[in-house]
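Next come the structures, one after another.
Paired with chain B in one complex and with chain C in the other, chain A is shared by the two complexes that follow.
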Partner chain A sequence: MQFLQILIDGFAISSLYGLGAIGFTLIFGVSGVLNLSHGAIMVSAAVVAWAVAGSLNAGPYLGALAGVAASVVIAFATYLLVVRPIQTSRRIPREEKEIFVLTGTLLWGIMLQEAIAYFFTSNPKTVRPLIAGVVNIIGVRTPNQEILTAVLSWLVIGALWLLVNRTRQGKTLLAASINPRGLTLLGFELSSIYLFVWGLYGLLAGIAGVLLGAFLGVSSDNVGTLTASAFSIVVLGGLGSVSGSLLGAYVVGYLETITAYVISPSIRTIPVLLLLVLVVYLRPQGLLGRR
Partner chain B sequence: MQLPGKHAAVLSLALAVTVAPGLARAAEPIKIGVIAEVSSITGAAIPQAAKLAADEINAAGGVNGRMIEIVEYDDHNSAADAVRAFQRAANQDKVHAVIASYVSEVVLALEPWSGRLKMPMITPGAASDVISQRVHDDYDNLKYTFHGYLASTFLSDSVCDGLKVAAVDGLHMKTAVVMSEDAAWTIPLDAEYLKCLPKIGLTVLDHIRLSPDTTDFTPVFNKIEALKPDLIVTGISHVGVQPTVQWHDQQVPIPMIGISSQATSSTFYKDTNGATEGVIYQTVSAPDVAVTPKMIPFTNAFVKRFGVTPAYCGYTTYDEVYFIADAIKRAGSTEPDKLVAALETTSWQGTIGKTEFYGRDHAFTHAMKVSPEYVSGLLVQWQNGKQMTVWPTEIANAKLTFPSFIKLPAK
Partner chain C sequence: MKAFAIPLLVAALLALLPLGVGGYVLGLLTLAYYFGVFAMSWDLLFGFAGEVNFGPSFLIGLGAYSAGLLNHSFHLPIWICVIAGAFTAVVGGVLLAVPALRLSGPYFGLITLVAVLLLQNAIVLFAGITGGEIGLDIPDIISIDDSTNYWVALGFMTVSGMILFGLSRSSVGLILQASGQDAIQAGALGFNVTKHKLAAFCVSALFSGLAGAMLIFYMGTASPGTVVEIGVGVQVIIAAVLGGRRTILGAALGAIFLIVAGELLRPLGQLSTFVVSAVALLVILFFPGGFLGTALHRGEG
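Let's turn to the complex of A and B:
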């Protein structure tokens, strides 16, 4: 029974981790930005969904939509107010730009975190579940929301796969991640590709945030942990590799769930961190990363 | 005798110079520093209640003509920030007393500073037994600290008293699992739970301590459910929303009863989307029952001003501002040692009961006296979005009722 419980819970949380991390890796792959405000954007989406669904009595669906919309807006703001000014600045030396972007997004994330705590308190919020109730899966009582979380995560991941591999716009993203200069020479406007990828990122982070808010609940205190978790998954899977991130998400999700059930929930994240150290030593490019 | 005009002017000026500083001193405000984590529901109630009490006292003329001024500091739930705020309050802002935090770790960090800076300090919500035990062990240095809320051991005893009537006698419950967060205040709480629960007839099947960082409680609830206890006895304050929502969403069929600090504020219902329905928590104050004549008027004034019912430490903070003012009036001074001596003889009928402190010889020096004569506990249950008192039976205004997914033991 415990095996089945671990299988189900691990699958749901891993799918959600995958969805959260995939946007993070996409931004890095296409524009070379490590966005350290990732956790703050996810939490903002969940808190907006909670506020709109609860305080404004708009219902869970409208709330969820508002949360995702907020995430897209904040993602654009992150790019236009923080990342792009640094990238286009002539006063910041080229070799220092990455570190400036890293610091800029980190500080932006802290500003978002403090704003959430100020306006909505740091108490955790739980987004109203889109489907309430539980079902019994071979003796394991599973909340419907948990199943929905896994299904929606995979639908979105599937849609992203179709977009990247089957559409012209998506293929441009792929090209931008491989050879941005070549793309520019072919007459593509890189800045509009970047805008598109940040919008896509906002969508992915927003959906992941709202689902997380409905599944486990979020608070402004979780911002750092969420960024760190996405970062760990992406490094484990290989920076910039989408399939690597998905594999990383499942390794992290299942390792955490097994630890929580078999050893103790209090040390849930420790084996993952140890594994990360090992990977950095033995295979620095990550599980599926290219050298 | 008639003074020439010039002399009269000089005399008036001399009089003004001599008397004015005295007048200025008389009007000097009494400053009370308030240190709390204002972005949390529980912590926010502390400065809010303090301001409410200060405004009422000032509207009634202050303390011997001196107004009360509340100086607020946000400690962000960090002991280091709290210590800096405390030092600033004492050295720079020159406050006369401090009301500090609902977090035991923060109060334990401030306690030595209260002694070093000779600054009277009261905590309105921290529970660790160690706060008052330290005062007992090192009275001369630490006598400036007062424990303005129930010590953890007293909290456990109060929960056990309530469970005896409500769960053991009323619902024929026989077994329990203790589930507490890992924090300073729950160490003595759990130790006492493990002693008092068997005494009232509840066998403790397991004792689980959670990391306050836990976000997924599914493994915890699964482990508990496998043991088939009749109830979960809680000790949670830093966590609250997530275990409650997951308990509800996963339809864990076991009632949760115990300390759940966040559940004491009415915003908890909104934060949990109503998942708190059926949760029972111990407290010394409830918004709906007149434990004392001051309780409901205070609750109403608080709701009118801040839009939510006060968390548990709102009630204690409100009383504390009043009895600090009373102690200053009785001491006739804000001088620390005189103020401490006056606080030690406090007998204040406030919102939660009569506050008096145990003396130097008691193991819990400067902790609040706990008994029906002074301050004692209630069990409150969330029912249809309202906090309803279900124990003690004499003052209860509702009977226990549970959500449909809860399975009660057969009678």
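Let's turn to the complex of A and C:
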């Protein structure tokens, strides 16, 4: 029975990890930005969903919608207020842009985190589930919300796949990640592509954040851990590779779940960290990464 | 030599401070000086070797905890513990750096980050020995006198700053700077890039470990929250970038600014961290050279 429990719980948490990490890897792949305010954006989405659904009595659906909307707005703000000024600044040497973007987004994430803690306290919050109830899957009691989390995550990931591979707008994203200069020569405006990808990122991070808030609950103290876990998943799978990130998410999700059930929840993250060290040393480009 | 004159003059003036101000200000500055050493060590690695070390608190924590455990469990004298702590930090740094320096950019950053998380997990896991989340109480302290503590910290920061600054201005510093900006070209000129970077990592680890060990003998306790957690490392990085990367001494200025500003804004409660981060972000966006970088540039131009 425990085996089945691990299988189900691991699947749900891994899908959620995948959804969370996919936006992170998308931004890196297309614009070369490692967004260290990732966790803060996810938590903002969940907290807004919680606040709107709970205190304003708007119901879970409207709450979730507000959470995702907030995440999109914050993602645009991250790009326009922090990332773009650094990228276009002439006073920052090119080879140091990376560390400035890292430091800038890090500071921005701390600001978001502190703002959440100030207005909503840092107590853990659980977003009201979109659907209530529990079903019995071959003897394992599973909340409907957990199934919804996995299903929704995969629907969104599928939609993203269609967007990138089947639409014109999506194909420009792919092209921008491969050769941005070539794309500009063909007459595409890079800045509008970047805006588009940040909007998309906000959508993905927002959905992931709201689902996470309903599944496990969030607090402004989780911000750092969430960013670190997205970073690890993405590096494990290969920076910039979307399918790699999904694989990485499943490896991390299952490894954590197995450790928590079989050994002890207190060392839940340690095997993942050790695996990460091993992979980075032996295969720095990640499981499915290209060099 | 002219470059040394102004900082030494400032240090001499700061040394007179205990004659005029109370223990509260001195305590704050003592903490800030140790932080200054953390930030300067980080700047040597980043500003000169071009390696983004996300885990300065791995080196700091290693030094602090090994010194603390020796004192806590075996009651060795402080100076032996401090030296042992610095030594452990260097050994840990080498173990981390030898494989990690084969990596670059985000991968190096991630490995150093993971090192911090592993150290933190180890401390919590072996709570029976290390005191876990609550922390380890240290029986011995440097002094109970505020002024003595202040002078020890100031002296330590001044000496470390002179060594690190001197190193950055020496030929080694130039080679490091070259390998940070273009490793291939520096290698083609016949410099052993990896060896120099490793040396920079060792020096950085040495001073981080020393400062970490001395800090806990000032505070009388070592806990993950003060010397290991990622937040500590983030503060160090912000301090160094804020003060002006690649200036070494600017990093100390940044650290003092961060600690003092955090304290001055304490009446704002939870908002104080928000304000400090916002100010730091604005400085990075509008004065990317940081305090010292901007000031020096003005002077030249």
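Heads up, the rule we're going with is that the second predicted complex is superposed on the first by the 291 of 291 C-alpha atoms of A that agree within 3 Å, B and C clash if a C-alpha of one lies under 4 Å from a C-alpha of the other, contacts with A are read in each partner's own complex, and residues count from 1 in each chain.
By our rule, contacts are C-beta pairs under 8 Å (C-beta built on N, C-alpha and C of every residue); 3 or more make two chains touch, one makes a residue touch a chain.
Note that this is a predicted model, so its numbers are computed, not measured.
Colleague: Put chain B and chain C onto chain A via the superposition and say whether they clash or fit.
Modeller: fit
Colleague: Applying the touch criterion given at the start, work out whether A:D9 contacts chain B, chain C, both or neither, answering first, second, both or neither.
Modeller: In the superposition, A:D9 contacts chain B only.
Colleague: Give one of first, second, both or neither to describe whether A:S232 is in contact with chain B, with chain C, with both, or with none.
Modeller: A:S232 contacts chain C only, not chain B.
Colleague: Taking the superposition on A as described, I'd like to know which of chain B and chain C A:S31 touches: first, second, both or neither.
Modeller: After superposing on A, A:S31 lies clear of both chain B and chain C.
Colleague: Where does A:V280 make contact in the superposed view: on chain B (first), on chain C (second), on both, or on neither?
Modeller: second
Colleague: With the two complexes superposed on chain A, say which partner A:S44 touches: chain B (first), chain C (second), both, or neither.
Modeller: A:S44: touches no partner chain.
Colleague: Tell me which partner A:T149 touches in the superposition: chain B (first), chain C (second), both or neither.
Modeller: Neither partner.
Colleague: Output check: A:T103 vs chain B and chain C. Expected answer is one of first, second, both, neither. What do you get?
Modeller: second
Colleague: A:I86 in the overlay: touching chain B, chain C, both, or neither? Say first, second, both or neither.
Modeller: A:I86 sits against chain C, while chain B stays out of touch.
Colleague: Tell me which partner A:A117 touches in the superposition: chain B (first), chain C (second), both or neither.
Modeller: Both chain B and chain C are touched by A:A117.
Colleague: Looking at chain B versus chain C in the superposed three-chain picture, what is their shortest Cα distance in Å?
Modeller: Taking the overlay as described at the top, chain B lies 5 Å from chain C at its nearest C-alpha.
Colleague: For chain A, which residues lie in the overlap of the chain B contacts and the chain C contacts?
Modeller: 117-118, 266-267
Colleague: Which chain B residues qualify as touching chain A in the complex?
Modeller: Residue list for chain B touching chain A: 37, 39-41, 44, 182, 209-211, 213-220, 222-223, 240-242, 245-246, 249-251, 262, 267, 270-273, 275.
Colleague: Chain A touches which residues of chain C in the complex?
Modeller: Checking each residue of chain C against chain A gives 46, 50, 52, 99, 102-103, 105-107, 109-111, 113-114, 117-118, 121, 124-125, 181, 230-231, 234, 237-238, 241, 245, 269-271, 273-274, 277-278, 280-281, 284-285, 288-289.
Colleague: In their shared complex, at which residues does chain A touch chain C?
Modeller: Touch list, chain A to chain C: 34, 82, 85-86, 89, 91-92, 95-96, 98-100, 102-104, 106-108, 110-111, 114-115, 117-118, 224, 228, 231-232, 235, 239, 266-267, 269-270, 273-274, 276-277, 280-281, 284.
Colleague: Contact residues on chain A for chain B in the complex?
Modeller: Within the complex, chain A touches chain B at residues 2, 5, 9, 13, 54-55, 117-118, 121-129, 132, 134, 141, 143, 145, 216-217, 219-220, 222, 225, 257, 260-261, 265-268.
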